[in-house]
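Questions regarding the structure given below will be posed in turn.
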């Protein structure tokens, strides 16, 4: 069965990453996965949280937000309500944890990388698009402080994708909002350039799922993240690709 | 004396408004004034604040925010700190008040227009760019509910610009961030298509100013807002221009 | 290699559930998994969130908290700081989602079940212990409103456990705090009485993990959750076991 | 007239203090006064509030909370609402002030004792039970830092009880929730081992009260607090009893 | 021993109540007790808290605040910090409870009296001055809605005073800030026109106190509250005095 | 056309400033403009915000609040709601900015002047009355730290007034609440003793305004601020008048 937008079950949406999107941050991209669009920026500051002072190690932290106008019906503004929702906090913890998994925080030195993922248009998969886009912004930002005396602070490539089981029971890759709202199982997967898993978060929304279904979803996610990592290498160019993982 | 970016004292920066920028809101534009870029969206909902229930009148409210990555050095996220700054609240009150001045809230009926101005890149003049951009988004949004039985809810054109007295004592139009940081008098002016004032907010940052200086600034502002209103008419096109102010 | 506390890699800690632990809530248990102790209570109220009013469906929501005195070094009190941490919100969202997956919310009718998981002593695995304990409290609470005219609101059994890869590279079941702090991969798994997955949340803390390691962890989790579900049946007794899933 | 639960007017409920209730805090007890159950923990940290830095003196502070599931009908969680109620703040100020009255803060040195009183089941008298239970936890905690070179930081015994005038006009000791809800005068009394008053807080709930009624209530409170202090000595054992007040 | 300001131990400071102090509220006074000055206003609105809707009964609630400039060293503004201190909440609960004790809330009907006590200058005894002043404002406000068909909503007179044991061991009446800061026992007493107690709150600040000391303090408080009630009758005038307690 | 209260269009309300109104702050006045009454206090502390540490410069900051009982219908208390409104923040930013414009912050040295404007009765023009009153309080406060070795920290006189266009289309000076609520244009003007402008904030409430109307309003404001500055000199007396602007 074909998907509403004509894609095959194992096909990603049209994707694109615009580098150097903003003039101020050290790294900045606009990532588009279909109609989902996220501005991902990375800022580097010469300070660390107090628990790291004097250790020589750095830190990476992430924040995530939806523009009120980004969603189908307007989302109320968190700054106006005075607090971030549980969903926002969960997503920004996931983004930060995922990116830290490929960071060499010793090589970074006593600096903090702050990643801002601001969704300007949402159509499903905003958290995985944020991770993929932020990865590029972090590489851009780290290149601005890299002087070759220590390893490059980014050790491996990283990308993320959503997979799920559709309402009709089929495993599908890279769900848009409509598919996400109706799917019965939903899974977000973060993987490295070496082909290993950093995060697997699967949830039975409509019903529990079997071990076999889980295996099918993981295989789809492997295909999607591999394709995105290949694209990341294209747009980073030889000079930056060569730096990632360099000791 | 020429300005650092080569502009004449009475010259606007390069400006551009992209209409239909986002797919979800009823009205949405990206406005650029030089390096300042703001997403302005207008959403219409069939509800009004409690003080208007049953009156047949509508309301317009505005929210404003800077992306943390939009500024020279990263701005901390208001949603994370749990409250909006005084500056943010002052700006969103100004945007809302300015737009309401050209609205026919009776013609709108019991609906609320919510305007979201999200600055994705800041280089001075974000509040005035927000007003000009939001005006277009509001016209777009009102057109989606206009059926000809009542007047069009937008009565007149509206644009805004900043003017100031530079460090060297000269009146200048449309200050960028560097000029804004060093100017000695700073003024924001909002004007209608009929050439009248809606808001005049002048502040002596470095020193007080004379009545004559004020007159010079107002003249510059008249030139800038006239040019922007002319551009608004170009990009709205005949069909929408014809609607504005139609009874 | 044997674990510090003498357990085998695939062995649960000593566990125990005390039913009817508090006198006020409709359902209440104290669950102990080794030194981890959680009070899980379920309250039923005749109201639903506004998005469910008039639908005939009910809701289940969960809250989670650590007593300040429950942890190794005192945890600051969230009520005193004025907000819940991201970790707390993430955990209570997980507990709520997991329990809802085995609820028949139509059969519940327009009622809300509120689950409170308050950790009085923490030694690793507090979120999975909360889910297992809360499941029993919810069954107790639903029995107080069940009159046989509709299906029993709980459709299947549910338990949860943590698994991980230890510092020495071995897959281990039911990590205590010390093991959790030093492990290199950490996974929480929620499973039903029918042997299917409701949640799988795996994180590479120290390094990414391979597909094979993931398979080993899932197998361990299956063993642990099966044993807990068997224990749940023992302590619920025939009368309540018979009700679960009854249509 | 006999009380509903069969007690005489001047009789305490069945009481019990379990020492060493939690494994992490320096001092920890579970106190039960009838169905009222409170976990009282005392933690000692090597820091003081800024107004005491460099003075050689220590501090004691208290926090109080009700588990949402502790009460007759569920109490909403303060951490979720984002602030503590006035009642909570009033109670924790009372607990802290009462305990400080028997502390030798110079002898404690530059340390802070944090007392956490978490009510896991409420049936009247939670604030007085918290004071009595916390006293034991504080003695336990102080013993862990006492080395005999300075006086023991606890100078005297301390206990607390509620008294009141019942709906039928009789003075009664140790009110349970039902009695507390219907009484016309309510008084909380904190007393030392030397038989003196630390706090007397009397409130005419249903009507004002006379000087004679006040005298009767104080006499009842003296009886109750004396009995509790005698029990405190029993459960602390000779070694700790000998330390209290030792110079 | 004479007090620093020349008063005898049983002597009140110079006191004065200015009625009709503000033009907007239904009742408004400025009360001065020595240098302590409090604006007490009472507003009546035709609404009640939800737990009273449809019962025919009214409510009285109180709020209390210190102007930042009212104190010896500036007090930080609660509105700026975003929350009220525990001290503020405790005081406003005391004021509300004390005033409700002389209200006939049935006679008030479904209305809410809101009492605002704003301290414009603080020199000890602000909470007791607030109660005494607010009593007059409440009588003024109730008179504006009294039509003789039901009893007058204020049943009895009410006044409050502080007493204490000075650093030199003597019982003293109406402590100023300096005396309050150095006293070893501190007690606030609220009494009715019939000579009965509504609130007694005694605290051993420097040391515990004996039963005999308590008796001495209560006697002083009786003297002080009697004198204030006599003054209240003077300034209310025959017409209002006649209304209080009228059925 | 005469105004309701009998004033001419260019006439101020009856005004009065009571100096030394409170005993604790370094400077304190009660300013009355008709029925509008504001307590303005200035406190000087030996600390500066972190961005000024070590620069030798001082700071001035302002806070503003309405007593709940100050307004026509009771205003809810910001401290109770847990945040300041946008209006409050806008006003206190205006007050601070205006006063800083006449401060020599270098001459002040590393000190902070905190200005508290607390409105005890509101009848229009509270923000401009706050600025005029606070000016006197700041002069009083600066005199307490002035030793003649540096210039006096206040460089010039400052006053503020509101002007507007009435419902009947006439320019009027110093609007009371009723005039303010019905006016079609509203403008606040802050001016120095040298006759220059510090702030001009004009808003078309009911309709936009022409350049000519603006000129008329500025002329009225010049008249009003000149008269107030003349009064300021009267009440400051020779000694303080001589200090203002002294180098």
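Descriptive notes on the structure:
In this document, chain identifiers A, B, C, D, E and F correspond to the written order of the chains, with residue numbering beginning at 1 in each.
Simple rule for what comes next: contacts are C-beta pairs under 8 Å (C-beta built on N, C-alpha and C of every residue); 3 or more make two chains touch, one makes a residue touch a chain.
Chain labels with UniProt names: A, B, C, D, E, F = Ribonuclease PH.
Quick caveat: nothing in here was measured; it's all calculated off a predicted structure.
Contacts with chain B (Ribonuclease PH) and chain D (Ribonuclease PH) are shared by no chain at all.
The chains in contact with chain C (Ribonuclease PH) as well as with chain D (Ribonuclease PH) do not exist; no chain meets both. If you match contact pairs by residue number, over half of those in C-D turn up again in just one of B-F, D-E or A-B, and that pair is A-B. A straight line joining the Cα centres of chain C (Ribonuclease PH) and chain F (Ribonuclease PH) is 60 Å long. For the pair chain D (Ribonuclease PH) and chain F (Ribonuclease PH), the distance between C-alpha centroids works out to 51 Å. Counting partners per residue, chain F (Ribonuclease PH) has 82-83 as the residues that reach two or more other chains.
Starting at chain E (Ribonuclease PH) and proceeding toward chain F (Ribonuclease PH), the closed ring of contacting chains reads E, F, B, A, C, D.
Interface residues of chain C (Ribonuclease PH), counted against chain A (Ribonuclease PH) in their complex, comprise 83, 86-87, 89-90, 92-93, 97, 101, 156, 187, 191-192, 194, 196-204, 207-211, 214, 218.
Only residues 22-25, 28, 35, 39, 41, 43, 45, 63, 65, 67-74, 77-80, 82-84, 88, 114, 116, 118, 120-121 of chain B (Ribonuclease PH) touch chain A (Ribonuclease PH) when the two sit together in their complex.
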